[in-house]
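Step one of this worksheet: look at the structure below.
Think of it as A, B, C and D in the order they're written, each chain with its own count starting at 1.
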Amino acid sequence: MTKQKTRKFSPLQRNLHTIIFEADTPKGKLFDIILLVFIALSILVVNLDSVPSISSKYSTILFYAEWILTIFFTLEYTFRLYCSYRPMKYVFSMYGIIDLLAILPSYLSLFMAGAHSLIIIRALRLLRVFRIFKMVGFMNQGTFIMNSLKASRDKIFIFVFFIFLMVNIMGAIMYLVEGTSNSGFDSIPRSIYWAVVTMTTVGYGDISPTTNLGQFLAAVVMILGYAVIAVPTGIVSAEMVNQGKKKHEITSQSCMSCTAQGHDVDAEYCKY
Amino acid sequence: MTKQKTRKFSPLQRNLHTIIFEADTPKGKLFDIILLVFIALSILVVNLDSVPSISSKYSTILFYAEWILTIFFTLEYTFRLYCSYRPMKYVFSMYGIIDLLAILPSYLSLFMAGAHSLIIIRALRLLRVFRIFKMVGFMNQGTFIMNSLKASRDKIFIFVFFIFLMVNIMGAIMYLVEGTSNSGFDSIPRSIYWAVVTMTTVGYGDISPTTNLGQFLAAVVMILGYAVIAVPTGIVSAEMVNQGKKKHEITSQSCMSCTAQGHDVDAEYCKY
Amino acid sequence: MTKQKTRKFSPLQRNLHTIIFEADTPKGKLFDIILLVFIALSILVVNLDSVPSISSKYSTILFYAEWILTIFFTLEYTFRLYCSYRPMKYVFSMYGIIDLLAILPSYLSLFMAGAHSLIIIRALRLLRVFRIFKMVGFMNQGTFIMNSLKASRDKIFIFVFFIFLMVNIMGAIMYLVEGTSNSGFDSIPRSIYWAVVTMTTVGYGDISPTTNLGQFLAAVVMILGYAVIAVPTGIVSAEMVNQGKKKHEITSQSCMSCTAQGHDVDAEYCKY
Amino acid sequence: MTKQKTRKFSPLQRNLHTIIFEADTPKGKLFDIILLVFIALSILVVNLDSVPSISSKYSTILFYAEWILTIFFTLEYTFRLYCSYRPMKYVFSMYGIIDLLAILPSYLSLFMAGAHSLIIIRALRLLRVFRIFKMVGFMNQGTFIMNSLKASRDKIFIFVFFIFLMVNIMGAIMYLVEGTSNSGFDSIPRSIYWAVVTMTTVGYGDISPTTNLGQFLAAVVMILGYAVIAVPTGIVSAEMVNQGKKKHEITSQSCMSCTAQGHDVDAEYCKY
């Protein structure tokens, strides 16, 4: 995307650019892999750091580990700024923002406690893994999923909207039915929480009906949810079946005669 | 739908009608949006009002907020009656009924406690949001889902009927097996409740088998339910794949030759 | 199916036969509906009878209700024997067996307690409802589902077999990991029960891992189960999409030219 | 696969080979069935052995039963080595490794406790059941599933990768929100465990949010997971629909004219 402008740059910048921004050179790939390892490491550190038993023992090691990683990431970020052809474009790109968010928490943690745990945002940096996937041809699989989801976005939205209505109504009803008995339905919001837990078939059981009427209504809700769970799946499935065909059609725009049609239908099927 | 009769009406009524009933004029749209905000507000109020900690603090504010909204909705309702071309038609339309149900509870609450919480019915009024969706072309997505569900209505019904049979039988069996041990299977209805909770993979755990035989049967039920959950999803998915094609076929009734057929197949796919 | 032999029968038998066995005459339909009501009633009775609070109050009423229904069903059964053209054929037909099983428990309960609750088998008699559905054209929907399931029977079987293997292995592993800590994994069968509860996403929580390793393994199992749950659904969905097409193909065997093909493709879609 | 080399072998070996390695002769089939029975038995033994109440009573019987089975399996393994045409090939084949793993634990248990339970690995030997399935034509059903899964492998992988990212982020957030309140979110790894339990709709309830914010976030996560669960199912469904068509296309490569196309489309549908 930025090939045509490389001329204007110092050799150093150009080399750095190839290493940092392009994953299709051996060096670039190596850099990406090292980067991913460091990201994985930093996630591990945050996780371990949050486990009381471990953090108490190895607090210092974890402390240093985190700061070393943070500094490394900070340097990486500055280098990216330095050698990118349009720094601003990078800063406001998805990756740019994630990269920044991945460093800030550590520095924030100097002033405010807790912020520290936000370092987990670094997990998002793992998205870079897709730059390597790109070479393994994983991306079009990813885009396939994304397209299917985009295509069914509206439907899913409407669906979620209905769910929202249902859980509201059901929450209120269950609040009326179960509110008095001490079974956790002590406010409508909490009853709505229960409704969501039930509709999605998660069913913690932290809140569950105890009265006969309550249990009957709950059963109805579940059967409903059971039929309802079919909808989003149906939407996406149908979309993916279409996507599959669409892909094929695009790849065989040229064919005109019905027989040919017949053939590249084979073609499609053999592709998959 | 009622355009041809507008002549007979006073200008005021006509203007009101355009504002209140038609969402495709700027004024009409504005009105709908304000309305939705108020509906959302009233839902929020009911929710907050049910949270002990909040209601104790802000009871008066919430009380007034609710009554102001109720009065607004009452006025809106009367206006709708006043300026609709066929008042009766509106009254008995889905929206008309919902609008009425949305006001009543507040007035009922004057005489009987609890009725108050029914105000949540107002959530249903959010369905009006679809009048705005109409302009964003969301509706045909919605109708797509509805059609798919209508088309698979019978199948779903039969399916639910079988579920009903199964949970009855299983409930009775589990009652025989677990009834004696204090694991909550203390009546067939309750065992049926358990069966529903299990078949739908909600699994609260408020009632769960403790005897070996009971757990074995439960496991069988789950594996069954696991295979069974596939049915409604399958039904809806298949229906949606068909719907997708159907839609296309309708849009390309004119085409006659096989090649053309081939092309608007492309067309269809490009549409999606 | 038995029309050709009706001549040999007494008018009484013939009338009874029309009433009891044929649902497409007004009388026959009425009989079926009454029958269903009675079946529903008897199920209700068994359910209520099992609820301590109710059975204690209304024990006598429930007792008589049950016996009246039992006698009615016994008479019905004998009548069926009397007026069916091939009694043996009826006795060993699915319905015949269900009808018998539906009466026996009451009589058994005279000699052995508990057997009583088996009366719930009567729920199965509700299958007769399909004789009425037949007139509403529900049946081909039912057969559609059955065909899809039959067609995917083998696949589902293999799938269930794999699940069986997986839960065995996982159960044993979790037993090794969690067995010592008091988290309910106190035997392999119980751990297998847990594995089923988890794989099917039921998740009672009556048994759940407490050790870190256990929770990690459980998480892996869930992600696995999450991907696995897709399989049966996929199988059935695909089968139903095929079924849908198949049905169409059968109905349009005659068409030969590609254009015609094009058209009755429309036809199909319009059908759905 | 090894027919052409049989000449070089002693009759004994050849007979043994036919019995042990070929399931399509009566003897071979009998052998396989006996083998499966023994495998099932040994699994049963391990299971029973782990149940305290049973193992205490029948420890000796179980002990001997296990060793008899182990010896039988050891003999079988050696025989396989003796009469296979390429012993090394067998040893490193999937079945060969499983067969070995199935014997080792018993011997290991002589030196180290616990290893004993690993005998459950024998469950894997049940995979041999497919050798018998082969004759019932189950295999192509199995391969159908495998192909579908292989075809959607990449997609599933990307999907799981996203889940991994999401549970990491969500786990950290919930740790920040719920960490202080004693609701089980006492470390990020544990919160991640909760996130997995929730996303997969398992929902044990051993860890569940208690704060309002926590419950709100959890509800969002569930709705998300509810939409997300559609993805793998959609992928596999779409894949299976394609697989179904593909299969057909392969079987009807010869057809060239559009009409013929039309027909073997019937053919396909009639096949299913």
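By our rule, contacts are C-beta pairs under 8 Å (C-beta built on N, C-alpha and C of every residue); 3 or more make two chains touch, one makes a residue touch a chain.
No experiment lies behind these values; they were computed from the predicted model shown.
Here the chain-to-chain distance from chain A to chain C, counted in touching steps, is 1. Interface repeat of C-D: among B-D, A-D or A-C, over half of the contact pairs recur, by residue number, only in A-D. Centre-to-centre separation of chain B and chain C, using mean CA positions: 28 Å. Centres computed as Cα averages put chain B at a distance of 40 Å from chain D. Contact with two or more other chains is made by residues 159, 189, 192, 201-205, 229, 233, 235, 237, 239, 241, 243, 258, 261 of chain D.
In the complex of the two chains, the chain C residues touching chain A come out as 201-205, 233, 237, 241, 258. Those residues of chain A that touch chain D in the complex are listed here as 43, 46-47, 50-52, 114, 117-118, 120-121, 123-124, 126-127, 129, 133, 138, 141-142, 144-145, 148-149, 156, 159-160, 163, 189-190, 192-193, 196-197, 199-206, 229, 232-233, 235-237, 239-241, 243-244, 258-259, 261-262, 265-266, 269-270, 272. On the chain D side of its complex with chain A, the touching residues are 151, 154-155, 157-159, 161, 165, 168-169, 171-172, 175-176, 186-189, 192, 198, 201-205, 208, 210, 212, 215-216, 218-219, 222-223, 225-227, 229-231, 233-235, 237-239, 241-243, 245-246, 248-250, 253, 255-258, 261.
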